[in-house]
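Chain nomenclature is as follows: A, B, C and D, assigned in order of appearance, with residue numbering initiated at 1 for each chain independently.
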Amino acid sequence: MFMLQVGIIGAGRIGKLHAANIQQMSHVRVRAISDVCISGLDNWASELNIPVITNDYRDLLNDPDIQAVFICSPTSTHASIIQEAAEAGKHIFCEKPISFSVETTRQALEAVEKAGIKMQVGFNRRFDLNFKKARDVVQAGTIGIPHLLRITSRDPEPPSPEYVSKSGGLFMDMTIHDFDMARYVMQSEVVEVYAQGANLIDPKIGELNDIDTAVINLRFANGALGVIENSRKAVYGYDQRLEAFGSKGCVSINNERPSTAVVATSDGVEMDKPLFFFLERYTQAYIQEVRDFVRSILFNEPIVCNANDGLQAERIARAAKESLVCRHPVTLELKTPVINT
Amino acid sequence: MFMLQVGIIGAGRIGKLHAANIQQMSHVRVRAISDVCISGLDNWASELNIPVITNDYRDLLNDPDIQAVFICSPTSTHASIIQEAAEAGKHIFCEKPISFSVETTRQALEAVEKAGIKMQVGFNRRFDLNFKKARDVVQAGTIGIPHLLRITSRDPEPPSPEYVSKSGGLFMDMTIHDFDMARYVMQSEVVEVYAQGANLIDPKIGELNDIDTAVINLRFANGALGVIENSRKAVYGYDQRLEAFGSKGCVSINNERPSTAVVATSDGVEMDKPLFFFLERYTQAYIQEVRDFVRSILFNEPIVCNANDGLQAERIARAAKESLVCRHPVTLELKTPVINT
Amino acid sequence: MFMLQVGIIGAGRIGKLHAANIQQMSHVRVRAISDVCISGLDNWASELNIPVITNDYRDLLNDPDIQAVFICSPTSTHASIIQEAAEAGKHIFCEKPISFSVETTRQALEAVEKAGIKMQVGFNRRFDLNFKKARDVVQAGTIGIPHLLRITSRDPEPPSPEYVSKSGGLFMDMTIHDFDMARYVMQSEVVEVYAQGANLIDPKIGELNDIDTAVINLRFANGALGVIENSRKAVYGYDQRLEAFGSKGCVSINNERPSTAVVATSDGVEMDKPLFFFLERYTQAYIQEVRDFVRSILFNEPIVCNANDGLQAERIARAAKESLVCRHPVTLELKTPVINT
Amino acid sequence: MFMLQVGIIGAGRIGKLHAANIQQMSHVRVRAISDVCISGLDNWASELNIPVITNDYRDLLNDPDIQAVFICSPTSTHASIIQEAAEAGKHIFCEKPISFSVETTRQALEAVEKAGIKMQVGFNRRFDLNFKKARDVVQAGTIGIPHLLRITSRDPEPPSPEYVSKSGGLFMDMTIHDFDMARYVMQSEVVEVYAQGANLIDPKIGELNDIDTAVINLRFANGALGVIENSRKAVYGYDQRLEAFGSKGCVSINNERPSTAVVATSDGVEMDKPLFFFLERYTQAYIQEVRDFVRSILFNEPIVCNANDGLQAERIARAAKESLVCRHPVTLELKTPVINT
């Protein structure tokens, strides 16, 4: 029986989430986890039956029993770890974004390509049944030729100023998921971006030269238009909707709620708020993306969300930033080397 | 050009509603209105251009220009007025119920049959687009062979004890609409009734020997089962839903609301309450039932909701009352003389 | 008792609609209708009890019994008729747009201002209960400070090439309603516009130098962002939705459907398509806008949708066209003379 | 760290489901599984790391390391195994119904009571977040004093005639879940039952003296009324809804669907069908009921769904059967010995 052994690099919230999910799966086990700060990890790791804890991720790269690593460390470390992991012949699951610089990302991906390993980027929404249904409907031709895509993507509360300062900005940190979703559902590359932004929620975000509210227009290679709406603060919960419209119809994806209950009283008719945030909303998607990654390695199947997908979303984010600053639409060249593992 | 002239007997809420609706229609005019108490009607009638006001309904029956009468007087007067109107050769629109006694109703209908006039009963819900759609779906065979019918019918607030005392009881006053709807949607006669009731809302209703909450089970001639849920007080508004289930599917009719607005805040996600009561909910149905009545007369088309429909709903109401009292199911004979004008 | 006499200029689809609605109202009557082509109008006018038909609109302006005119003739004639009607002291209801040139419109409005008459522009959606609810919710502060407005506005089928050629283009013909709705709901002026367009539906529209699909970005004086999505062809029906999002929540307006029926079969779960087009969707709004116009005149109340509202929507449409052509955002000066009657 | 060891008696569909769920949980492990037919179980058990397979459930009762057993064998064996397990001092999780005879069940429960062990009955729906929300809303007083409960419970396809013949009949096999749900949500005992049934789906079910369509009326000790609608065949999927109505409002629970997608085309507007059947619909509930059972034992907390709950649902099912046969309502005595572990 196949059994994949993996190492987790970075024991923050998302690294721990992947570890816990993996330990409940068949055919895969966490052999080791590394973090620059490992104090206090003992109990957690022992409860999950993770045998090795280390503060040096190179221990994982040097462990011949580990076939794949999950890179969950800060974004600034991703690219160099990818290079090292690729040289060590480890398959890679890397959280988004790969880096804050398209050039840096491109170099890291060349190392991946050269090593011939598999690499998956953590665009978890591709594994959500709702968004997958939207893509399937578009792909099946049910809505005909796509004309318009709309993504509404709003977080329930803004991150701390400290987080914002290291996030790479709204487009690279938050909208990058929507850029990926746009390519995933429309199955066409983005060739033009125009971005509007505003600082309406927390003045501290503005002081850090970032925005918290945005509307981003896209034009796709197939001629369709797209628009993404972002806010860092939807007080009613995580607002994650999408609509693709075409010559033969329209598919809309709506929010998930804790229950289907509807309560009617003399005050009004009320239903549940959307699920609070990404951990609640994408619980199953986080599990499914790892399952698919494991299966891709064990059975040599294609990666649903590969290195090139990571690169392309970063390119769009970069163009959006440029558009925001220079206040005009920015064109994206289509001829980009496709690194498709 | 055809022009139907009608007389309205009874200038209460419903008589006035019909008059106002008629005066906005083509091909029909209110020529006269009668009520035992006509003081204060002048302004209202003059604004609606109704030329004649009288306190004797016989003036309407004797007026050769009047071809049809709307009987909107108290239920206790319906049957005798029907007899007189039939003898006078007037077509009849009669509010429900025709009478509180199946025998009395039957005699009135014999007069109608003998006179060869048209008679429509005021089951306004048949003219609502939602309920009509349910019937059409059932009739088209979309749900296959009907197995189960459910009607949820709840008023927003109980009537006054004075009204209750003259109403004929919950089944004859309120559920009678649901009994008619059951026959209309299922297109099959009711052959068995079992009724449960309770006095949960207003003790004064119990003191009048009536109930305010009920569940009534039906069995149809086609073998299907049915259930009606009634309450005199749904604090969130008029609750009017129906569901027909069969071998190939299910059709559900839901409440109408003032707007489609959904408001999401940190407190929850809220939509509008259902429309308040029958005047708001069935505004268009009240107009349509009169339009159809007028057309039936002018073009000699069949009545959507005829005298027999009035009789049958009363028979079910009567059986429900008997079941409630004797606490066992009551069988209804199918062989009833069909008075179908 | 007050009674307003009006004249209708232009007996096309919309002129006839207003005439028919008016004839069913209290306190207002159509005294005359004019059109360059009056052959075949006789029967229709006689059925509606409209006494005068003429092929010269000046007959209406010269009739001392007519206090107000409805300008429903082609757009190219609006401005000069407004000038004449204002000079004749008639109150004016003018269909949108007032003209295709902001300067022309401005001159017409100066005549209105000088004459001291009332003028309403035919932005019928302001009188729809759904959109009114959205505005009321925003105005009440329920969603806090507005951050983002989204309008989805799609027609069920594109107009004929002949219509398109005289329409003034998508923004002036179709989006102008959405521009007005944006100002109405957000209660703030638009200060920047960026427009993307495409010709995806009918190549003939492209040949006429027009577009059929568009995304238009707005920035409001209060700092909020807005986005409008347009398509000339939504095969499932007239798609009219709006969402306003702010610091304390979100209000969404959805489509109206012929019935609330939901049909579940082995093939799926289906509900009604949206109402087909503007005549079905805004039936009540067309009635209400005239009712409010009549009341504004009879009781000297403010116009819900005045001449300045017409002007501002045209300015935004003009800016959108410029943005589309020059491919960069266009700024709108706020200091415009407000003509508020 | 606590660790509960359990044995599974019966390796059918539900026994295997519990085993698989348990092996993914913390603090509990399946130590052994028994079935009269164990051929072919090896691979499955080894993949799940279940060390012991046996064809004699007594091996589990005799194993001192096993603290609790899951009784998933045919209903006819439940009562005697309960007696033995209780005598062996094992905590018991027993699938519904406990037996087909209220007297037999009562005797089994006396053994449980005497042994002082914990016993949970497999009413999985209590652990579904939707139904739990309905109960919470009722308990919180949001709907005021409960007046009416409605449960719509329809399976997607009828079981095989062989299954039906051993099922104990519709009420004992299927409606028993609804009877439990009625008690759970209303928090009041059922004191009267009236049942209507029909054989409309599969004639073979009728030949077995069973029904496939039913409406069951309930009267609760608190005066409220209830109604349950059952069908063995809803072609559009598992239909599981509930509505509780009271003096201050109403709470409704609706179906769960695979996705929130809505697809609009010229053919109509379609959404997903409900989840197919109980395994899909109650996936999380099956996990949660076991988690709660484990916690109840490890931390000596009350059982959510105890032996008395099993008994009461069976009493109602028995009364429903009696009502169906004798065609009149049947009264249930309230004074039943409460076996509350």
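Definition applied: a contact is a pair of C-beta atoms (placed from the backbone, for glycine too) under 8 Å apart; a residue touches a chain by one contact, two chains touch by 3 or more.
By chain, UniProt protein names: A, B, C, D = Inositol 2-dehydrogenase.
These numbers come from a predicted model, not from an experiment.
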item: Between B-C and A-B, the pair joined by more C-beta contacts; value: B-C
item: Remotest chain, subunit B (Inositol 2-dehydrogenase) as reference, centres from CA atoms; value: A
item: Whole-Å gap separating subunit A (Inositol 2-dehydrogenase) and subunit C (Inositol 2-dehydrogenase), where each centre is the average of the chain's CA atoms; value: 43
item: Separation of mean Cα positions, subunit B (Inositol 2-dehydrogenase) and subunit A (Inositol 2-dehydrogenase) [Å, integer]; value: 58
item: Inter-centroid spacing, subunit C (Inositol 2-dehydrogenase) versus subunit B (Inositol 2-dehydrogenase) (mean Cα positions, whole Å); value: 40
item: Set of subunit B (Inositol 2-dehydrogenase) residues in contact with two or more other chains; value: 234-236, 248-250, 264-266, 272
item: Subunit D (Inositol 2-dehydrogenase)-touching residues of subunit A (Inositol 2-dehydrogenase), taken from the complex the two chains share; value: 1, 24, 26, 47, 129-130, 133-134, 137, 142-143, 248-256, 258-266, 272
item: Residues of subunit C (Inositol 2-dehydrogenase) touching subunit D (Inositol 2-dehydrogenase) in the complex; value: 234-237, 257, 264-266, 268-274
item: Subunit C (Inositol 2-dehydrogenase) residues within the subunit A (Inositol 2-dehydrogenase) interface of the complex; value: 145, 147-148, 150, 152, 154, 194, 196, 198, 200-201, 213-215, 217, 219, 223-227, 229, 231, 233-236, 239, 243, 245, 247-250, 327-329
